[in-house]
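One chain, chain A, links the two complexes that follow: it is found with chain B in the first and with chain C in the second.
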Partner chain A sequence: MATVTVNGKEVEIGASERLNCIQAASKVGVEIPAYCWHPALSVVASCRMCLVEVGDKKPDGTVAMQPKLVPGCQTPAKDGTVIISDSQKVKDARKATLEYLLLNHPLDCPTCDQAGECYLQDYSFNYGRGYSRLNEPKNIKPDKTYIGDQITLFTDRCIMCTRCVRFTREVSGSAELQVVSRGSHEEIDIFPGHPVNNPLAGNVVDLCPVGALCSKDFLYQQRVWWLKSQSSVCPGCSTGCSITVDQNEERVYRLHPRTNEKAQGHFMCDEGRFGWKYTHSDQRLTSPEARTNGHVTSSDFDSVLASVRTALKKAAQGKGKVAAVLSPWMTVEEAYLLAGFLKSLSGEVTLAMGPVRIEGKDDQFPKDVKGNVVEPVKFTIRAEKAPNRSGVEAVLSHFAGDVMPFEELLRLSSTGKFSAVYLVGGDPEGWISEIQAEAFSKIETVIVQDILSSPVLKHATHVLPSGTFVEREGVFVNHKGLAQMIRRSVRGPDGTRPDGRLLWELAERSGLIQTDTLRSEIAAAIPALAVIGNAELKVNGVLLDEAAVAV
Partner chain B sequence: MAKFEPVLFARINKPDSTSLKTYMADGGYARIKEILSMAPVDVINVVKDSGLRGRGGAGFPCGLKWTFLPKDHPGPIYLCINADESEPGTFNNRILMEKDPHQLIEGIMIACHAIKSNNAYLYLRYEYGHSYRTLDAAIKECYAAGLLGKNIKGTGFNLDIVLHRGAGAYICGEETGLIESLEGKRAWPRIKPPFPAIEGLFRKPTIVNNVETLCCVTHILYRGKEWFQSIGVPPDPNNPRDPGSYGPKLYCVSGHVNKPCCVELPLGVTARELIEEHAGGVWKGRKAKAVVPGGISMGFLSDKEFDTKLDFAGPGKVGCLGLGTAAVVVIDDQTSMVDVLFNCCRFMSHESCGQCTPCREGTAWMTKILTRIRAGQGRLEDLDLLMEVAGSMGIIPGTTICGLSDGAAWPVKNAISKFRGDFEEYINSKRATVTSAQKLMEAH
Partner chain C sequence: MTETKAKPKKTVAWVEEPQLGFWESTFVPAIMKGLKTTLKHVTDRAPVTQQYPEQKPDLPLHYRGVHRLNRDEKDRVKCVACMMCATACPANCISIEAQAAPPEWPDRDKFPKSFVLDELRCIYCGMCEEACPVDAIELTHIYDLTGETRDALMFDREKLLSVYDKTKDNPRDPVRTRRGILGPAAEFASLPTLGPATVVPDSDRSARNPTAGVIKGSLGANS
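Showing the complex of A and B:
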């Protein structure tokens, strides 16, 4: 163990932890401000915001301080390191650096998207001088409105921390961004004709500590202090990036990655970042329907649910007449509720896995100029475009013994084996083709629980509009068995119900759905999912099988 | 003291001084075989014991730098020769390269042998076209004569020298900026540690030496460390950290003098001697007001300080940053220090690489303030502001990656503290030399 002293307070750091002074100080709750340093990028020590006094404690207890201030980001914290970040010398250096950074900054906070979550604002408030002594005209650099399809650059707000440049070089590997010109004329720019359109491009907006790089999608949509944030998980692929969903008045405005070393690290891909739009699509199913001979007989949710229940109970009287398709977009809780309910109707119920969409191959970063992946891989967009195959499989294995593939169920359905099927969709890109839907054309009762229209709807006898990932709560299990929680951020449109509530009511459970209680029930019932009852699930998630991942 | 006999400049006025033939006729490469047969560590010890300090500006002991290389490194180890001579007022390397390239090449061979390097990169300032052609021809001659390439003179020592022309930036003279530039990147100095001796060019151990330093190495090996220590200023016995200033030094004298020159003298001459004895006095019968002791980033000597010894320790005693490149720029009494300082600041803000915040913004801000003063809109409190900005950029608290920021702040600190009267007079007079707001903006 190594002991580091931060402003007189001692903190133990582990022998294998390679921390710099900023990280060591944060362990005792001391913030050392920094712009250019980012834990996932290389150290350049150029913003000079993190200057601190550093010294060494000798074995005899005396402390030898270095005469100069040193950048905290570049200085490793070792046993005996003494960090002082609250001396007058340090405060003066911060004041000076902030004054420099704001010299040519336009101070256009009222029209800046970053205002409210801006490090220039925060640090100026905490450590700055409060006024500028510049009497001369500012340098005004031209805005670059097109440096990428999703990104715009307000050059005059830039503080040249080069985080974005390092990101495109070190993480995406595409190296579109660079510094041009020299000295106070320098700017971030792209090479003409090579915009920042890599699949991870949106991250440079999050990385930008000021309002220079902005997302075109979010630009001028909201003031960030109006937004309410909720931790969640991106459902775009089986990587299961930890994210934060920002909403205001039941409308999602943006997703951004939440740092979670257990999941993806610090970033997320653009596909996921901008892939929530279907939530507010006018194509959403918003009308529950019970149909007889193609005519809608009821569109009241409760009566449709009652009708579904009756139909299922009736079919369950026959041997093996009920089947269900559980979507990999369902949470563990939803899958458990549906499977449990059907199993309670009939022991002979057939449970199958819904289609798991696979697109191409896993896309790994960084890539070199030829598109070859460079080790070590820092980010992976997975080909499996479903968030919870592992979780649903665990539930299926528990209830059905094994996992029946969707194709097998289609084959059985077209033979006329079943008289009632319960189909759960949820994939916004569509999950069933016209031809596949034909397998259900002859079945007496076809219950479809989905968010968007699909070819199978024309054979449906019951339609249950359900919720998207921002409208539900529950557990997704990612590719490596990490169980994380998605949380409800917004209320779904009228006429929809979150899947969990819908299934809870279908199963005639009493009261309102409580996913906490449900998770304890699942944890007790399914050994493979035993850990989802842990409290850590709600923070960074829990691994279903620590040992399996360690190997 | 007997009249000093030039060593580095001994051959520069001889006819055809650049050719291998005349260089060998004058005794060049005569003992190279013998030196290349010495154990590398012995060569390092000779240079270390001689007390040779780097001539590039910082005055770091050369032999000591060589010992920082990791022991038993499998290689490659690189030598970079810093010929990006861009400190204003400095032109000694240029004369060495244009007039006596073989002296430098021999020094490179000896240095490479000492540090066990087989590759030397000569980073040449772009503007030195003549130097480029001379060096290129000299290197080709050496290859043809078997003095470069494989198995030099049968000693089993291999050496290749690559002559690389820079693209014209002051910052490429900073050793890690030079390395980045050689690697084909933007010349942004690297954060240290690791120092280049541990991880430099292409992430291998690298030594960066100045042209003049390497020329001295040749003579130290030929004439011995005792000869070298007989020249110059011994260490100050009262200062245990002073390694002394031994050896000959090329002083460049320019500015308001009758006869700008580059002259080789023992370290420790005074500015007054240089102006009066070597540069023919101040021009137009005027008196000198200020002298830059060693390139503008070192600050200024006021007229009371002209008798300061220009050795590695001297300028530091009177508030300058150091000897720097020993480029003496003389400023006459008709010149306003405001204009001089403006010129310094404009240069530094143009050449700041823009990596570190204080240097990028500070140099530009100081230039803007001085431009405003020169536009007749100065205020007396601007002087305190300039001092404060220079203070937050300068060597204490050491706020930046490389020394450019210190070098940009120092002339400001020196000029305002030593010539405050000049500034106050200028501001109070409301004289204007620059007026338009556009110019203010363009001035960085």
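Showing the complex of A and C:
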């Protein structure tokens, strides 16, 4: 064990931990400000914001301090390291550094999108001198409105931390960004004709500690202090990136990655980042329907649900006449509610796994110029475009013993085995083709619970409009069996209900849905999912036993 | 238990009733004094009532009435859609949608695509005016605001600009500053750098410079 002293407080560092002074200081709650340093990127020590006094405690107890200030990001903390970050010398250095960083900064905070979550603002407030002594004109560089389809660069706000440059070189591997010119003429730029359009490009906006790189999608949409955030999980693929959903007045404005070493690390892909737009689409199903011979006979939730219940109960009297398709877009709770409800109607119910969309191959980063993956892999966009296959499979194998694939259910359906099927959709890209939908054309009762229209809707006798991932609460289990919570950020449009609530009411459970109690029930009932009752689930998620979950 | 009576603290000061003299006890002088006041009002012919609406009141210069959105020297809306007013507004009556400025406007990044101010919800506190970094929104002396529907009093950008056109020449509603561009960087050619808003010790270089706005003194913690 190594002991590091930070501002007089001692902290123990694990033998295998390789920390720099910033990380060691954060262990005792001391913030060392830094712009250019990022835990996922290489160290350049160029911003000079993290300058601290560093010394060495000798075995005889004397402390030898280094005469000069050293950058905390570049100095490893080892046994006996003494870090001082609150001396006048350090404070003066920070003040001077900030004054220099702000020399050419336009100070256009009122119109800057970063204002409110800007490190320049925060550090100026905490460590800066509060005013500029510059009497000469500022060096203002023209903005570059196109450096990528999703990114715009306000060149004048840049402080040259080069986080974005290092990201494109080290994580995406595409190396589109670079620093051109020298001294106060330094600028971030792209090679002509090679914009930043890699699948991870959006991350440079999050990495930018100031308002220089902005997302075109979010630009001027909202002031950040109006946004209310909720921790959630990206449903785009089975990587299951931890994210934060920012909404205001029942409208989602952006998603951004939430650092979670257990899940994906620090970043997320653009596909997930901008893949939430269907939530506010005008194509959403917004009217519950019960149909008889193609005519809508009722369009109010209570009567439609009652009708669904009657139809299912009637079909359940026959032997093995009820089937259900559980979508990999359902949460564990929803899958448990539906499977449990149908199982309680008839022990002979057929439960199948919905179609899991696979697109191409897993896309790994960083890549070299030829597109070959460079080890170590730092980010993976998975081909399996569904958030919760593992979780739903765990529920299915608990209730049905094995996991029936969708094709098998289609085959059985077209033979006329069933008189009622309950289909759950949820995939915004569509989950069933015209030909596949024909399998359900002869079935007496077809209940469709979905967010968007699909070919199977024309055979449906009951339509239940449900919620997207920002409107629901529950657990998603990602590719490696990490169970994480999605949380409700916004209310769905009128005429929709979150899946959990729909199924809770369908199962005629009393009161309102409480996912907490439901989770403890699942944890007790399904050994493979026993850990989802743990409190850690709500922070960074819990790993299920790898072996217990069918992979 | 023994009951001990605590001595009450002397908090009440007793004032003895003044002794009345002979005339005072007859009440005649007091009655005469009262009648004098009454008679003064009976015989006073100068009116105090203002004949509104024929005669308009002279409101104080700081009166806060209907808002206006100022125009800049090129007749564009001065507002830069920073939404500071909407943030400061305690009544939540301002809603702005921003749009990126066209490339021929190099002096700003964005402008309001829509600017709607609910004059019915507004409490006329003037916080929006305080918050505005470019002095684009100002409160005028217009107080007689009427409308036939609630929607008519949801003032949009054009309506607020028309209030500016109507009031800009009124000497009681002057355009208060010439500040119109955002940030010192935008005006570096014409304006001196603004000095610190904090007190600067004499040893500081900026205290010796002829910069506008420097507050000299040794109180400042900034050394």
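Here is the rule we go by: the second predicted complex is superposed on the first by the 545 of 551 C-alpha atoms of A that agree within 3 Å, B and C clash if a C-alpha of one lies under 4 Å from a C-alpha of the other, contacts with A are read in each partner's own complex, and residues count from 1 in each chain.
The rule is short, and it goes like this: contacts are C-beta pairs under 8 Å (C-beta built on N, C-alpha and C of every residue); 3 or more make two chains touch, one makes a residue touch a chain.
Not measured: the values here are computed from a predicted model.
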{"item": "Which superposed partner A:Ala339 touches (first chain B, second chain C, both, neither)", "value": "neither"}
{"item": "Partner chain in contact with A:Ala93 - chain B first, chain C second, else both or neither", "value": "first"}
{"item": "Chain B versus chain C as contact partner of A:Leu213, first or second or both or neither", "value": "neither"}
{"item": "Chain B versus chain C as contact partner of A:Leu41, first or second or both or neither", "value": "neither"}
{"item": "Touching partner for A:Thr111 - first (chain B), second (chain C), both, neither", "value": "second"}
{"item": "Partner chain in contact with A:Leu134 - chain B first, chain C second, else both or neither", "value": "both"}
{"item": "Partner chain(s) touched by A:Arg182 [first = chain B, second = chain C, both, neither]", "value": "first"}
{"item": "Which superposed partner A:Ala290 touches (first chain B, second chain C, both, neither)", "value": "neither"}
{"item": "Superposition-derived comparison: chain B or chain C, residues of chain A touched", "value": "B"}
{"item": "Partner chain(s) touched by A:Gln74 [first = chain B, second = chain C, both, neither]", "value": "first"}
{"item": "On chain A, the residue positions that both chain B and chain C contact, one per complex", "value": "133-135, 137"}
{"item": "Parts of chain A lying in touch with chain B, wherever the complex brings them together", "value": "43-49, 51, 67-71, 74, 89, 92-93, 96-97, 100-101, 103-104, 133-137, 139, 159-160, 179, 181-186"}
{"item": "Partner chain C, residues of chain A touching it in the complex", "value": "105-108, 110-112, 129-135, 137-138, 140, 143, 154, 156, 219-221, 223, 225-226"}
{"item": "Sites on chain C touched by chain A in the complex", "value": "80-84, 87, 98-100, 108-110, 133, 182-186, 188-189, 192-193, 195-198, 204-206, 209, 211, 222"}
{"item": "Footprint of chain A on chain B - complex, ascending", "value": "169, 186, 188, 191, 349-358, 360-365, 368-369, 371-372, 385, 389, 392, 396-401, 437, 440-441, 444"}
